[in-house]
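Below are two complexes that have chain A in common, paired first with chain B and then with chain C.
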Partner chain A sequence: MKYKSQSIAMLYFIAAIGLFVGQILFGVILGLQYVIGDFLFPEIPFNVARMVHTNLLIVWLLFGFMGAAYFLVPEESERELYAPWLAKLMFWIFLVAGALTILGYLMVPYATLAEITMNDLLPTMGREFLEQPTITKVGIVIVALAFIFNIGMTILTGRKTVISLVLLTGIVGLAVFFLFSFYNPHNLVLDKYFWWFVVHLWVEGVWELIMASLLAYVLIKVTGVDREVIEKWLYIIIAMALISGIIGTGHHFFWIGAPDYWQWLGSVFSALEPIPFFMMTLFAFNVVSKRRRDHPNKAATLWALGTAVMAFLGAGVWGFLHTLAPVNFYTHGTQITAAHGHMAFYGAYVMVVLTIISYSMPLMRGQQAANARAQLFEMWAFWLMTIAMVFITLFLTGAGILQVYLQRYSDAPMTFMATQEKIQIFYWLREGAGVIFLIGLIIYLISFFVKGEEVKMVERHAAEAAS
Partner chain B sequence: MRETFTKGMARNIYYGGSVFFFLVFIGLTVDTVKSLPKTDNRENLTAEVIAGKRLWEHNNCIGCHTLLGEGAYFAPELGNVYTRFGESTEAIKAFIMSRPVEGIPGRRSMPQFNFTDQELEELAQFLKYSDGIKVARDWPPNIQG
Partner chain C sequence: MTQATITKSDTDLPKLLPGDFAIWFFIFAELLVFAIAFIAYAVARQQNLAMFNHYQLTLNRELGAANTLLLITASYFAVRAIQAIHQDEIKSCSRWLYASLACGAGFLLLKSFEYYDKFAAGINLGSNTFYMFYLSLTLFHFLHVILGMIILFAITIKAQRGGYSAENHTGIETGASYWHMVDLVWIILFPLVYIMH
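Coming up: the complex of A and B.
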């Protein structure tokens, strides 16, 4: 770690991991509610648990992105952070606002929360993923603006690299598109149409810029490969992400009352969306195979490669599976969507944050890499969580295919609830995989405390690397 | 990647491609918004429906149900519930009203929200309005949603 202010990232990462644990605990609760319908009812109804699960995910990923930016940008810009105090202040504001929001979900009925936060003044609540009270949304905007100012000033007054500029573009895009969450027209079709400007243009648009730049940064660090090569890859990956992803938004406009041409445009462009993820996979493996050093942080390299592969599978392959309009006609809003959502979020965004944490945490703790035993624990956690997520996805896909057949495709369609009874077995299996994921996460937490012998960097010579 | 393909070319594809497609997207959005009156059932967007939408939001219905396929997958699709319930707002109201407070043992249950008669009417009208939106291919594939 070259700059003192980089260590602010540690605060953000600790909060991120803490909220991650909360997210997974609620995930396990939700999985159980799928099979034991009245579990925790009426104290924690499904909708509340789901809101906590998804909102914690969003908040902890944002903590992760911000922490990543605070770690990476000073080093890329070759200067201290513009205003470290502001980064610390925003951390506490964001943490308190996030915690109060989650507590609000859990302590009072949602309608009461809407009332006490005066949602009627500017109604934004009650839409999927944007359930936060309006006041929390305003808080998110303030934190985001302060964050952009801090990161932006650091970059603009320091060395400008492609990585930091792409990251900044992604962050600015994130803030800009979030503003659509304040637009909640009475007209349901308009509401849905612009809701996707936040949700889709985040996860299939600007977040990919953030993800690609974080991955590129870690790969430069762990492989020592020439920056020029990595930057070229980065540009072409994000080019493909936006070229496919912007019009690809159309795959959400098939069945909400928007014009029919979206079925063609959405199908064709979203069918291209796997390309940037496939390129990320090629990029990561290519760069690691051409590495000029053997970085002692093997775990970080594993996370980086894992991110590329799992993002391609989850976002790319599982997205493509149901993105063509004729297929989506049957699969829209079934467990197929849930399957895709789980692996895509884990593969792309959870894993990229864990990659940068894996790389940077040891540095902030004064080591080049965690000791060998700690890394072994971390790699076990990697495999357990990743394999568990693969199985969660496969079981939900099984559930989804059966659901589509029984409820929508067969000659005698069954009701929703009758169909759910028939696919219970898949939900039980998914819950089992979810528990394995939780075990993986516990091992991940333990890995930060495992003691052992320190490991050191071994530089490779170019000739040796070529052989 | 080959040396003939330079970083500058990659950068130009990124800037050019994303600006171009973003402009196309804005154009398509303008066209979509202009053509929505044909499909979005705005003629039935009454004060009751608007109040119903607010109730829908304030009780986080989307946290269990889907509406036009979007939401959670824990409870039935409601974009066509008006049709499914025999085009009867009374049937919808009766269902919401009769949910047991403590749920149904061992089964998924909808909470009892203690809506007033007026609120029940507003919610039912909102669901009727949603059902009236003209969706491509008349999605969902059948009445079960």
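Coming up: the complex of A and C.
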């Protein structure tokens, strides 16, 4: 670690991991509620557990992105963070606001929460993923603005690299698109448009910029490959991601009351969204095979490669599976969506945050890499969580295919609840895979505390690297 | 623009593709995008043959043909610019590039007339499936012409300032490769949407 202020990232990463644990616990509860409907009812109803599961995911990923930026930007800019105190202050504000919001979800009925937080003044609550009380949303905007100011000033007054500028673009986009969550028109079609402008333009737009820049940064560090080469890849990947992602928003407009040409535009452009993810996979493997050093942090390299592969599978392949309008006509809002959602979020965003945590945590703790035993634990965690997620996705896909057939495709369509009865077996299997994921996560936590001998960096000779 | 390519170790092999290797990733990705769009057009046309044939006749083929000539000429001028820089003729190189840019601008102008005509007639994306394809395919290509011209313009400025020479001209080849791609797409798009009946 070259700059003192980089260590602020540690705070953010610890909070991120803590909330990640919460998210998974609620995931396991939810999974059980699919098969035992009244499990923990009335203490934790299904709708509340789902809200906590998805909101925790978003919040901990935001913590992860912010921590990543605070670690990466000083080093890229070759200067200390512009205002370390502001980063610390924002951390506590965000953590307290996030915790209070989650507690609000759990302690009082949602309608009461809306009343207490004076949602009437500016109604923004009640929409999937954007359930946060208006006051929390205002808090998110304040934290985001302070974060952009801090990161932006550090970048603008220091060395400007492609990686930090792509990251900054992603962060600014993230903040700007979140503003649409304050617009809550009565017209349901309009409402859906603006809702997607937040949700889609985040995960299939600007977050991809953040992801690509984080991945590029870690790959430069662990492989020692020329920045020039990596930057070119980055340009191509983000150009493709934005072109396909922005017009690809149309794949959400198929059935919301938008003009029917969106079925064509949405299908064609969203069908291209796997391309940048495929390029990212090529990029990661290409760069690692051309590495000039054997970085002792093998776990970070594994996470980086894993991110590229799983993002392509989850976001790319599983997204493509149901993106074409004639297919989506049947699969819309079924377990196919849940399958895609799980693997895409894990593969693209969870894994990229865990990649940068894996790379930076040892450095912030004064080592080049975690000791060999700790890395072994971490790699076990990687495989357990990743394979569990593959199975969660496969089981949900199975559930989805059966659901589509029974409920929508067969000659004698069944009702929703009757169909749910028929696909219980898949939900049980998914719950099993979810428990394996939780075990993987526990091993991941343990890996931070495992003691052993330190491992050192081996620089490759140029001749060896070229061969 | 730097000279390094993605596969540095491949520099001793004879070069298969001119320009920076990275641009070819982009070109192939772009061609794939258009290919998928053309396939979608073909499928939609098959489903609405009579309607497509009917509305196709309302398109301005003369302007389309003129635009085809303009783009092919623009590509030819780009080739002449590369030949010039191979001979170290910097002035002539930038002149050819300007000529190429002028043809591109001519394309944009004619296309704007065509759009004006269509929009004035009240045609938009929602009019029918044929017009939806006509407008979105040509508009998407229109944006690519603009991007191609921006790239070409950046190269022209650099060429004018003596940034390229007989030994160092990867940048021009890179930009010209993209420019040819824009041309190639139109050569398929024009007969497909305007003529094939």
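Following the convention adopted for this analysis, the second predicted complex is superposed on the first by the 467 of 467 C-alpha atoms of A that agree within 3 Å, B and C clash if a C-alpha of one lies under 4 Å from a C-alpha of the other, contacts with A are read in each partner's own complex, and residues count from 1 in each chain.
We adopt the following convention: a residue touches a chain if its C-beta (ideal position, glycine included) is under 8 Å from a C-beta of that chain, and two chains touch if they have at least 3 such contacts.
Note that the structure is predicted; figures quoted are calculated from it, not measured.
Chemist: Tell me the contact category for A:Leu174 with respect to chain B and chain C: first, second, both or neither.
Modeler: In the superposed model, A:Leu174 contacts neither chain B nor chain C.
Chemist: Mind working out whether A:Phe41 is in touch with chain B, chain C, both or neither, as first, second, both or neither?
Modeler: A:Phe41: touches chain B, not chain C.
Chemist: Counting only touches as set out at the top, which of chain B and chain C does A:Pro259 meet: first, second, both, neither?
Modeler: After superposition on chain A, A:Pro259 lies in contact with both partners, chain B and chain C.
Chemist: Is A:Ile275 touching the first partner chain B, the second partner chain C, both, or neither of them?
Modeler: After superposing on A, A:Ile275 lies in contact with chain C but is clear of chain B.
Chemist: Going by the contact rule set out at the top, does A:Ala239 touch chain B (first), chain C (second), both, or neither?
Modeler: Both: A:Ala239 reaches chain B and chain C.
Chemist: Taking the superposition on A as described, I'd like to know which of chain B and chain C A:Leu188 touches: first, second, both or neither.
Modeler: In the superposition, A:Leu188 contacts chain B only.
Chemist: Applying the document's definition of touch, where does A:Ser267 land relative to chain B and chain C: first, second, both, or neither?
Modeler: second
Chemist: So, does A:Asp226 touch the first partner chain B, the second partner chain C, both, or neither?
Modeler: second
Chemist: Return the residues of chain A at which the contacts from chain B and from chain C coincide.
Modeler: Looking at chain A, the two contact sets intersect at 228-229, 232-233, 235-236, 239, 243, 259-261, 265.
Chemist: Could you list, by residue number, the parts of chain A that touch chain C in their complex?
Modeler: On the chain A side, the touching residues are 226, 228-229, 232-233, 235-236, 239-240, 243-244, 259-261, 264-265, 267-268, 271-272, 275, 279, 286, 466.
Chemist: Of all residues in chain A, which touch chain B in the complex?
Modeler: Answer in residue numbers: 33-34, 36-38, 41-42, 45-48, 50-51, 110-111, 114-115, 119-120, 123, 125-128, 131, 162, 184, 186-190, 192-193, 228-229, 231-233, 235-236, 238-239, 242-243, 246-247, 249-250, 252-263, 265, 329-330, 332-335, 337-338, 407-409, 413-417, 419-420.
Chemist: Provide the residue numbers of chain C that touch chain A in the complex, in ascending order.
Modeler: 2, 4, 6, 8-9, 20, 22, 25-26, 29, 32-33, 36-37, 40, 44, 125-126, 129, 132-133, 136
Chemist: Touching residues of chain B toward chain A in the complex: what are they?
Modeler: Touching chain A: residues 1, 5-7, 10-11, 13-14, 17-18, 21-22, 24-25, 28-29, 31-33, 35-36, 39-42, 45, 49-50, 53-54, 56-64, 66-77, 101-109, 111-113, 129-130, 133-137, 139-145 of chain B.
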